[in-house]
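Presented below is the structure to which this report refers.
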Amino acid sequence: MSLKVVIIGGGSSYTPEILEGLIERQPTLPVSEIVLVDVEAGKEKVATICQLGNRMIEEAGAAIELTWTLDRRSALKGADFVSTQIRVGGLAARAQDERIPLKHGMIGQETNGAGGIMKAFRTIPVLMEVAKEVQELCPDAWMINFTNPAGIVTEALLNHSAHKKVIGVCNIPFNMRHSTAELLQVPPEDVWIQFIGLNHFVFGDKVYVSGEDRTEDVFQKLLSKEFDYSPANIMPLDWSETFIQSARLLPNPYHQYYFQSEKVLEKDLKAYEENGTRAEVVQALEESLFDLYKQESLREKPKELEQRGGAFYSQVACSLMDSIYNNKEDIQTVNTWNHGTIPDLPYDAVIEANCVITKNGPKPIAIGEIPAPMRGMIQNMKAMEELVIKASMSGDYKDAYNAFLVNPLIQDEKKAKVVLDELLEAHEDYLPQFKR
Amino acid sequence: MSLKVVIIGGGSSYTPEILEGLIERQPTLPVSEIVLVDVEAGKEKVATICQLGNRMIEEAGAAIELTWTLDRRSALKGADFVSTQIRVGGLAARAQDERIPLKHGMIGQETNGAGGIMKAFRTIPVLMEVAKEVQELCPDAWMINFTNPAGIVTEALLNHSAHKKVIGVCNIPFNMRHSTAELLQVPPEDVWIQFIGLNHFVFGDKVYVSGEDRTEDVFQKLLSKEFDYSPANIMPLDWSETFIQSARLLPNPYHQYYFQSEKVLEKDLKAYEENGTRAEVVQALEESLFDLYKQESLREKPKELEQRGGAFYSQVACSLMDSIYNNKEDIQTVNTWNHGTIPDLPYDAVIEANCVITKNGPKPIAIGEIPAPMRGMIQNMKAMEELVIKASMSGDYKDAYNAFLVNPLIQDEKKAKVVLDELLEAHEDYLPQFKR
Amino acid sequence: MSLKVVIIGGGSSYTPEILEGLIERQPTLPVSEIVLVDVEAGKEKVATICQLGNRMIEEAGAAIELTWTLDRRSALKGADFVSTQIRVGGLAARAQDERIPLKHGMIGQETNGAGGIMKAFRTIPVLMEVAKEVQELCPDAWMINFTNPAGIVTEALLNHSAHKKVIGVCNIPFNMRHSTAELLQVPPEDVWIQFIGLNHFVFGDKVYVSGEDRTEDVFQKLLSKEFDYSPANIMPLDWSETFIQSARLLPNPYHQYYFQSEKVLEKDLKAYEENGTRAEVVQALEESLFDLYKQESLREKPKELEQRGGAFYSQVACSLMDSIYNNKEDIQTVNTWNHGTIPDLPYDAVIEANCVITKNGPKPIAIGEIPAPMRGMIQNMKAMEELVIKASMSGDYKDAYNAFLVNPLIQDEKKAKVVLDELLEAHEDYLPQFKR
Amino acid sequence: MSLKVVIIGGGSSYTPEILEGLIERQPTLPVSEIVLVDVEAGKEKVATICQLGNRMIEEAGAAIELTWTLDRRSALKGADFVSTQIRVGGLAARAQDERIPLKHGMIGQETNGAGGIMKAFRTIPVLMEVAKEVQELCPDAWMINFTNPAGIVTEALLNHSAHKKVIGVCNIPFNMRHSTAELLQVPPEDVWIQFIGLNHFVFGDKVYVSGEDRTEDVFQKLLSKEFDYSPANIMPLDWSETFIQSARLLPNPYHQYYFQSEKVLEKDLKAYEENGTRAEVVQALEESLFDLYKQESLREKPKELEQRGGAFYSQVACSLMDSIYNNKEDIQTVNTWNHGTIPDLPYDAVIEANCVITKNGPKPIAIGEIPAPMRGMIQNMKAMEELVIKASMSGDYKDAYNAFLVNPLIQDEKKAKVVLDELLEAHEDYLPQFKR
């Protein structure tokens, strides 16, 4: 058997990572065809990536046919895996998601708060369309969604599209596992973090190493400050001793937005004044990456890509495809249906949980009730996510306002309107559903 | 049959209200004995109230024996109703609850945020002791708790004391009903508001008048600004049209702390600079009230008391006693066990809900799932309340910190510690459980 | 305001009861128009009833226009209340429901077991059609369903028809309340039975008289055998002392089918040999009733009707209409959506519960978890009911078989098929949905 | 590291199986000490087994110290695994569990119906005592319970003893997996059956082979009758085509008691008349087994043991210990806490589910809602199990009666008492908790 992988948003600067991953895994994951799909605006980029990719394949001596196209439907035919990593409106849209909230004294971030909500509004309709095509053209294919906000997008697809083979992935749990392993100086594959929560709002409740409970050690190490386990694209974290000892939960880097809001806002505002938004920083970084990608002499994934943040996405995606294809029954942390895994959250909600990965999809391992300190906040985030999905589908201004209203980074009945109005206007071209 | 009512915290300036209510209801609620109980520090006040009360009884020609005592145990013997309206630490403690958070740029309020949590910490141990004595000395008596935070206190008593005949009451639902009646120009008894939520975080979902759905009319009136339905002790409210039209829920006055936080904080800071805390304002008001109470010529509840805020407490309490005693099976809004009424909240949580009032207690009317816009926030408040109760009982600093951490008016992992530490120190005398 | 009532199945021998009730309640329930609707086969009967009814109206001097028609659509226009009391296939079909299971050594009963399931299969499609017409022609009307199995039928309508103003009623809870009152020699209106469960599978958990817990007294009286509280159409009951003292739940007369199965089966077989099925007995009774109805001299409901069983249906129906029309907020026991009232049952299940009756429908009073002795059996009955509804809608043989399989009166994987096949064939004309 | 295993009920005729398993697994499961514990009445048997075991160890050249004792406390010290396989009252008691119900026309079976309930009543107090000792003497040890009714016993221990490291095991899921593998002619380790339910009432919902859904194939094979997958000690099964095609669930052999009750009862009565109870048959079988065990020449587990039924217990137990010790994270089907795995069942119920086996215990894989055809029956069995546990702990006759009343194999309010009374008397010596 040979496999066909389609990468929607193939012009992304991250693509060389996943290509590298697929090349390396040839012995167990026999991919013979990869198609990069992008939109008109990404034409040049996707062509560049495709050329680089072909040089990488050649260098590795792999038997993979790599092509690119703007014709999504033709690409999807016969696909076994469809990875989605799109950015509707590009980095320019991200800059608005960051800039507009900041202007009103709110955290501007592309996956949390007002920015994250807007990204969902732009992304969900496009991916609903993709899911429809997948269901029509390659109904047995697994959609592996990286597009942020990954949890929200995955819930929208699972609950509202006809295609039910959808898994959401993120590198945060992977990074937490690897950083914890580094902290304890053990191999990452021996580490089991008991994750509880939602994408970008997931906590680690317990850390086991080869089945031994090492949670207390991890907290001690964190408090000793000798190590900082945050991934590349998140500023160094600084959690208080009291927090660590009282909540007794391993936070993820995005939790700073919620529990260190004031400080983060200050930093972000300062950073904005100095360097513009993160989107603008990334824009520059991307340009230099693509300059690199164009060099004929480059025949492998360049090291510079790792600085881009989002490292290890490749490993997350390729491990997942590998375990599905080979029915590995190993444990990976992905976004999938709750179905009782966390009884405090709605049955059909999407959660980020440790799952046994099988050929017929991820099977979440029962978690039970959320420890009191975080139960309410996780429930609140989930309710907010539902409102975001509702608004993404309905295009109803009231639904959108309600999502803004209850988002913990907004939660001001007047500012909610101001920021929402400005963002809706700024992104008008990408929000057909909100047109009157 | 004749009834004995014991009022714990009888020296409160509100007491003349409830005395007036009991006197007026003599025809249906045959109270023959009332005992006011207070602590040493309230001795003078309770004596003053008792004298005023006896003049009121005389004036009305009622056959009620009214006395006061500092000996709670002797008072409780044979009681049919025990009303609890205490303020551990008095207004001086309240002033700290208000002042300390404000100092750190947080809303300082006696029933919400850091202040409300501290009030619970001081109150719960005292009322647990009262409940224990009630269970021992008058096990058939109903405890009617007015003490704030009324929902949290009631949950603590129902879930952790042996005495299970406990009902929490608040005048907010009563005031919302009456204000809505005024708004629609109909008799309050014809108005049924479908309440959903928790004490001081309850929303009105629907308004019926004699069974007709008038919700839309209420929203229209609110938007026309011709009427403001807030009770006396809450500043005029000002909800945006978008909020009313999108959330489609009637807020209660305390919701401003959560959805208009910045503005309220500004106002409170300004008010503080000008007049000190609300506690200090109330202190002055109380002094002048007690001067009035002392006048021999005063033989009825003085009108000035209504300005004190908390109006109608008397009606709420006396209606409740009346309906219990007479098994009236009418509908009142009280704080009682959830037990499925709102399936999104824990089974044993206390909620504020419309209940059929019977001789064997309040029976909540099933509400069903919380409308999406508020589900998460109500769940979060309830989880926070559980943490408050846990800390009140355990005296564990970590539990207290966790409650602070997730409270939407705090939610800063570093400030939570700073404010908690300062409050614990300020209230040290009233927090024996937190002593190391 | 004047009201129009439409009675679907107006040719029923019970109709004089409801007519009497509507005539008597004129002062508070201003019904000015009643239309009796029936099908071709019931033409003569409905005409007879209409004539009797008009004599009753004349006798009472009431201003009610009473007519009959076979044209359901024209009747429904402008209706305020639509009562449904149909018998698809008539008593002949009932005889099959009773005879066929008996033949195979199973209890044959028209509302329980195989017979009850078949009655649901015949009834639900017809009432779905009625509900559709109601929604189209008189969307504000309340449908009040008496047709058995009343709980199942009501759940089918509430969850599968567009018309949501549907209430199911049964005289069992009414009779239990009245019999208990008689037992305790108190007025029925002072008795509150805490009902838990489903139509024809409802238990009384507690009995209060004017709010006093009298449960123990009721059990004592039941054990003393001085009184038997069963309604007219159910054979005398005979519950063991051990059952009463251990389960501590008041059974309803239909529970004998489940907990005294062998004995009941024996009796039923004997009765069948002697007198044929209950349907055939009723058939004879009905004929003599209609002979009576035809007598011009009869100008009121004849006493003989009470022996027919199903007494007090009239009071149940008329009380309900009265409380809805007048927004009485009194408590009646009806079949309505669970919505958390019993957390152990599905949210959208229909249960039989004490409800506050308002103009906008019945509001169930929260019950909480089912006491252990009956939790599982009630859950099993509800799951069985869901399967019955599924099969009624789908016409899928497999769904029908599954309902038979898990019904506690069948529960034999081989006999389930034999009895189902025979019943499907016998009722072929009334089961269009099961045609291949 | 070397491990100590204690076998409570070591005199069981099954013990050679588990000894064989432990000897074979030496390379991965380094057991160095095994202690067989039994009671006075089993002294001779346990000594015989110990001698046989030592010959087996010698033959295998394994370095295991095997001893026996009647002093449970001394044995438990330092244990790593405690396996419990006791039979309180021995086969004589089992004979009563089988004979008495049969006498009253009920199925008499040692793990289901009245017999199973009585076995729980006798067993739970003894194992509660063992759990208490384990918690005191070897708190880190895992208790692995084989004693039937295994699910009920495990729930009693998990919810009522202080020791929480308890896992219940049964060979039914193992046998179903192996038989299905044989049916499909694939290796058992490639088969994943999606199990749903409770011990001895577990269904297979889906069958995957290496992740491919082969459920339909299995049903086809079952219908073709070419294979019968029942284990040795259960009579050949005979499910109707309609059952298989409608319920679409793989039954386990014990389901015949519930869905083929009449036929099974007939067979059992006939068998009883011919050969006495199953207990008596087993008694004879055991005697001949022990004669065999005593032969000095026997140096391995004799083949005859396999006919005894309960085959593969050894593999189930040893696999579990192996996976725990080595933190294998493989998937095994055991009895453990529900905790949301099946949202239709109580949170703290014990279910039989596929679990990831880790050093810190079994982690069940979320199952989600039970398919409609079996939801109610499984809920009913679980409620019945709760009543059994309640009665086992309380010794209250009423609790015991309630368990009998709702058991689907009894469910007659009068017979329940008759059979219960007779069984309580017969087992008096082993039911100290029921003494007045």
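Note that the chains are named A, B, C and D in the order they appear, and that numbering of residues resets to 1 at the start of each chain.
In the analysis below, a contact is a pair of C-beta atoms (placed from the backbone, for glycine too) under 8 Å apart; a residue touches a chain by one contact, two chains touch by 3 or more.
Each chain and its UniProt protein: A, B, C, D = Putative 6-phospho-beta-glucosidase.
This one's a predicted model, so the numbers in the text were calculated from it and none came from an experiment.
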| item | value |
| --- | --- |
| Labels of chains that are neighbours to chain B and to chain C | none |
| Chain located farthest away, centre of chain B as origin (C-alpha) | D |
| Distance between chain centroids, defined by C-alpha means - chain B, chain D (Å) | 55 |
| Centre-of-Cα separation between chain D and chain A, whole angstrom | 45 |
| Residues within chain A bordering two or more other chains | none |
| Pairs of chains in contact (touch as defined earlier), listed by label | A-B, A-D, B-C, C-D |
| Partner chain D, residues of chain A touching it in the complex | 192, 208, 210-213, 327, 329-331, 338-343, 347, 356, 358-360, 363-369 |
| Interface residues, chain B side, partner chain A - complex | 239-240, 242-243, 245-247, 258-263, 372-377, 379-384, 386-387, 390, 397-399, 401-402, 405-406, 408, 411-417 |
